[in-house]
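In the two assemblies presented below, chain A is common to both, partnered first by chain B and then by chain C.
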Partner chain A sequence: MSRDLNIKVHHLTRVEGHGNIVVNMKNGVLEKAHLSIVEPPRFFEAMLKGRSFHEAAIITSRICGICSLGHQMTSLVTTEDALGLEISEQTRLLRKLLVHGATFQSNVLHAYFLAAPDFLNVGSVFPLIATHKDVVLRALRMKRLANDIGDIVSGRAVHPITPVPGGFTSIPEKGELLEIKRRLLEEALPDGLETVETMKALAGAIPQFERETEYISLKHGDEYALYEGDIFSSDTGLVSVRNYLDVTNEFVVKHSTSKHTRYNRSSYFVGALARWNNNQAQLSEEAHAAAEAMGLKPDCHNPFMNTIAQVVEIVHCILDSVRIIDKLIANGLKNEKPNQTPTRYGRGVGSNEVPRGILFHDYTYDNKGNIVAANCIIPTGQNLANIDDDMMKLVPEIVDKSKAEITSNLEMLVRAYDPCISCSVHMLNVEFIE
Partner chain B sequence: MKPKVAFFDFTSCEGCQLNKLNLENDLLDILKHVDIVEFREAMDDRADLYDVAFIEGSISTPACVERIHDIRRRAKILVAIGSCAVNGGVNAMKNLHPIDEVRETVYGDDKYLFATLPAMAISSVVKVDYVVRGCPMTQQDFLRLLISLVLGKQPPKYRTPVCVECKLRESECLYNRGMVCLGPITRGGCDAICPSFGQFCTGCRGLMDNPNLEGMSEIMTNHGISLEEAQKRMLLYNSNEVKL
Partner chain C sequence: MSTLTVIGIGNRLRGDDAIGPMVIDALRERHDTELKLVDAGNDALGILEYFDNQGSIMIVDACRMNKAPGTVLEFNASKAAMVLDMDPLSLHGLGLAEALQMAESLQMLPSELKIIGIEPDSIQFSGNLSPPVQRALIIATEKVQDELHRVAERIMT
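Let's look at the complex of A and B:
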């Protein structure tokens, strides 16, 4: 069909940050289909210069409110690598609990508040208060509990306070952890399973679209990797975190203030779907049952299913948090002081899986413990090239639909990645140019 | 009629907006008293006029300048929320380095591809009627202001430093743990949340109008901490205000 199509969505809604979608088709030939990132650059790498190791995580958590815990964790791991600071088993467990809480919170926020309105054809979660009040209340309840994990363990869910290099400035009480455990089992687990039912009912609205790509995530020998592991590519296997630059290969494109990345192909996918594809064998039976109920199969190549993979992770995080709390309490909570005596100075590299995918920080410290060079490579930035490649395949497949439908499909596609544009620039408007 | 309320974000992490979505227990009650007419992070709708516009983030590009003027024209009351909007916040640390060096650090040879300005407070560009301080702003502080505006009352002002609130909570002084804490000179209203969790005050609510600098330097001297170190710490959130 020799169609002319110009779409321009300016400041895409229900995503974190500012982006535009631009599509330009002339006589049936697709000339342009991309996500343009217009978020103002913030220059965190420049801000970090000269700052002390006590301040690095405070600054980098401000890259993004939604991902503040993730940035903080990666920053701490990076500083500890650079300064040779060992952490205790208790610190590792408390951090894993925080990562689960943040992943759970972020995935609930995305599935219910940002993505679900697409499936129900409304503009936001607010109209759903009248039509689906029980579902909205359930979402709020789950979010509250996930945020309470952050508030109790880290002092504050948005921009956590207590996690510092070498440990924690303050340790939660045993009673507080037991109360979280009770709520996880009595409230969150039933709510999580109800969420699976809700998503199963909505799954019919998920577009059928397939594009096989390279999936990159962390991988760990003993667990579904979130807090730690090595880099894993579905194309070529393991890479040490230390060599992350071999994987990311950042480059500047004119339509985005966030840099793009590529490894073995023109683009790669990071996030819940990549973790599912690479590590799903390490998930619990309950998480697998949830995936099966919602129609998520191993080696899924439909990017719209990322939201479903996030819901599977909600179930995983709830159950694994209970296991972590049991372990913390069995070990006996100790009022440890953080280990902040550097044993070396120099370069450190750290990586975690944050809700939107694999995150890298890389700092070099001078011998006074001040940063001389810093680099942060963010999940959404790594997904941008993949989103563009998806759009180039998707637009021709749906070109017979109305312009409104095409626009809405493209918005849904971008939202499925749960992009965090503040992070990536350190997004969304759809632009059809006619 | 319920007041029309809108939220806008500029150069920021959107954490202050997120803190509103995190008002899980109060969100439905809030919606009984105000109409949210624009909130890009959570909804599709857009409106033309606002009774109250809440602004998060700093001004840092020419496009930001145009957009904030447009919002100001259409807003009866404009409120800056969070330290990025109130005084530039952490964004303003980039202002300490030569702008060319800053661009080169991030974009290399493509440094002139994207326009950037020094990170500025909203009040550097348009009139700001009220502020909610902090990084992030606290939910309680936001609610106190929102309730005042809905009731047509003056919102509370904070005239004591974080240090006083910390004493009232009977938390251990962090100088005794060897930390550089900005509590003595930072505007309160946060209930000293960071020191209560054993972490130093970063000064995120901005400096007091008349900070007791003599008292502060006395504390420094007594704990053997160099003034330089404290000044450097002050730049974290107050680069646009502190002159070294």
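Let's look at the complex of A and C:
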């Protein structure tokens, strides 16, 4: 079909980041299909310059309200790598508990508030409140428990304060952890399994679209990697986190002020679906049962299934949080002082899996413990090239649909990645006046 | 017992968007034990967690109101006052207007809910408030104190 198609959708968000979808087709030939990210210059990295190692995690946790915990964790491990600070087993477990809470919170919100309205074709979450009030309340209940885990373990949910380089300034009491465990088993687990049922019922509405790409995530020898691991590419295998620049290879594109990334192909995928594809063998039986119920198979190449992989992770995070709490209590909770005596100064690289994918921070410290250089590559920046490649394949496949339907399909695709628009801008060379 | 919950919303790295959390900081320094103070960051949806408590709620947030930068306005939460961005591409598009709309649909809105809006000058990435919003910090903080006194008087009588 020789069709002309011009789509331009502007989305303005509260934080003045824009995500515009642009498609141009002439005489049936697709010339352009991309997500353009336009945002004013971002000064985050400049803000870190000159800051002490005590401040870095506090500042980075404020980059983004939704991705707060992820940035904070990655900042801490980066600082610890740079300054040679070892952390205890207890600190590692408490951090994993925090990461699980943040992951299932974000995945819950994405599945219910962004994806479900798409699957039901109702435009937004608001019509669902009238028709599916109990489902919306379930989502809010799960979000709340996740927030409470953050509150109890880190002192404050949105901008956590007790996790510091080298450990925790204070730790939860045994009773508090047992109460979380009780709520995880009595509230969150039934809610999580209901979520699987809800998504199973909606799974038929997920577009059938396949595009095999490179999947990149962390990988860990003993567990489904979220808090730690090495970089893993589904194409070429393991890479040390320290060599992340070999993987990200940022490059400039005309249509976006945010840089794109590529490794072995023109683009790669990060996020729940990449973690699933790379690490599903390490998930529990319950998580696998959830995946099977919702039709998620190993080596899934449908980006719209990212949401389903997130729901699998909800089940995983709830059950694994219980396991972590049991281990913390069996080990005996100890009031440890954070290890804040640097054994070296220099460059450190840290990485965690945050809900939207693999996140990298890279700091260089001077010998007073102040940052002289900082780099940060967020998941959304890494997914942008992959979204564009998806669009280039998807548009010709759905070109017989109406313009409104095509637009809606493309928006749905972008939402499947849940891009962090407020911080997805990784600026080019900006001259900072200090 | 808390009789007034004050929630500041905003990103401290986004220039004048920091005003909500900074009003919370200013109130913390005054040590009013009757106040429950919440720095919600940019997690607007998080405010719903405070709506099931009895008592008054005040939300302090930078608001585009087409007024001069630094203008402080107190208003009641009603749909008419807020523009919904009904079609966000990302969860990051969910803001205060959407959170309040959701609360209303779920019949969770507190009977006493006031918003103190401060017109920003700039919400570009910056660690500083603009001069007019810096001045508004004092005015907005006083408005919360006034409200606290009103709530206290009502309880006494």
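Note that in this section the second predicted complex is superposed on the first by the 419 of 434 C-alpha atoms of A that agree within 3 Å, B and C clash if a C-alpha of one lies under 4 Å from a C-alpha of the other, contacts with A are read in each partner's own complex, and residues count from 1 in each chain.
The criterion applied here is as follows: a contact is a pair of C-beta atoms (placed from the backbone, for glycine too) under 8 Å apart; a residue touches a chain by one contact, two chains touch by 3 or more.
Only a predicted model underlies this, so the values are computations on that prediction, with no experimental measurement involved.
Under the clash rule set out above, the superposition-derived model of chain A with chain B and chain C contains a clash between the two partners.
Contacts of A:68 after superposition on the shared chain: both chain B and chain C are touched. Look at A:415: by the touch rule set out above, it reaches chain C but stays clear of chain B.
By the touch criterion defined above, A:140 reaches both chain B and chain C.
Look at A:225: by the touch rule set out above, it reaches neither chain B nor chain C.
In the superposed model, A:113 makes contact with both chain B and chain C. Once the two complexes are overlaid on the shared chain, A:49 sits against chain B while remaining clear of chain C. When the shared chain is aligned, chain B and chain C each come close enough to touch A:125.
It is stretch 116-124 of chain B, out of 98-106, 116-124, 170-178 or 224-232, that runs into chain C when the two complexes are superposed.
Within chain A, the residues touching chain B in one complex and chain C in the other are 11, 13-17, 40-43, 47, 59, 62-66, 68, 109, 113-114, 123-126, 129, 140, 143-144, 147, 156-159, 422. On the chain B side of its complex with chain A, the touching residues are 9-19, 21-22, 24-25, 27-28, 31, 36, 39-45, 60-61, 63-64, 89-91, 93-94, 97, 101-103, 105-108, 110, 113-114, 116, 119, 135-136, 193-194, 197-200, 202, 232-233, 236.
Residues 11-17, 19, 40-44, 47, 59, 62-66, 68, 106, 109-110, 113-114, 123-126, 129-130, 133, 136-137, 140, 143-144, 147, 156-159, 411, 414-415, 418-422 of chain A are the ones that touch chain C when the two sit in their complex. If you check the complex, the residues on chain A that touch chain B are 11, 13-18, 38, 40-43, 45-47, 49, 51-52, 54-55, 58-59, 62-66, 68, 109, 113-114, 117, 123-126, 129, 140-141, 143-144, 147, 155-159, 161-162, 164, 169-170, 252, 254, 257, 422, 426. Taken in their complex, chain C has these residues touching chain A: 11-14, 17, 39-46, 48-49, 85-96, 101-102, 105-106, 123-127.
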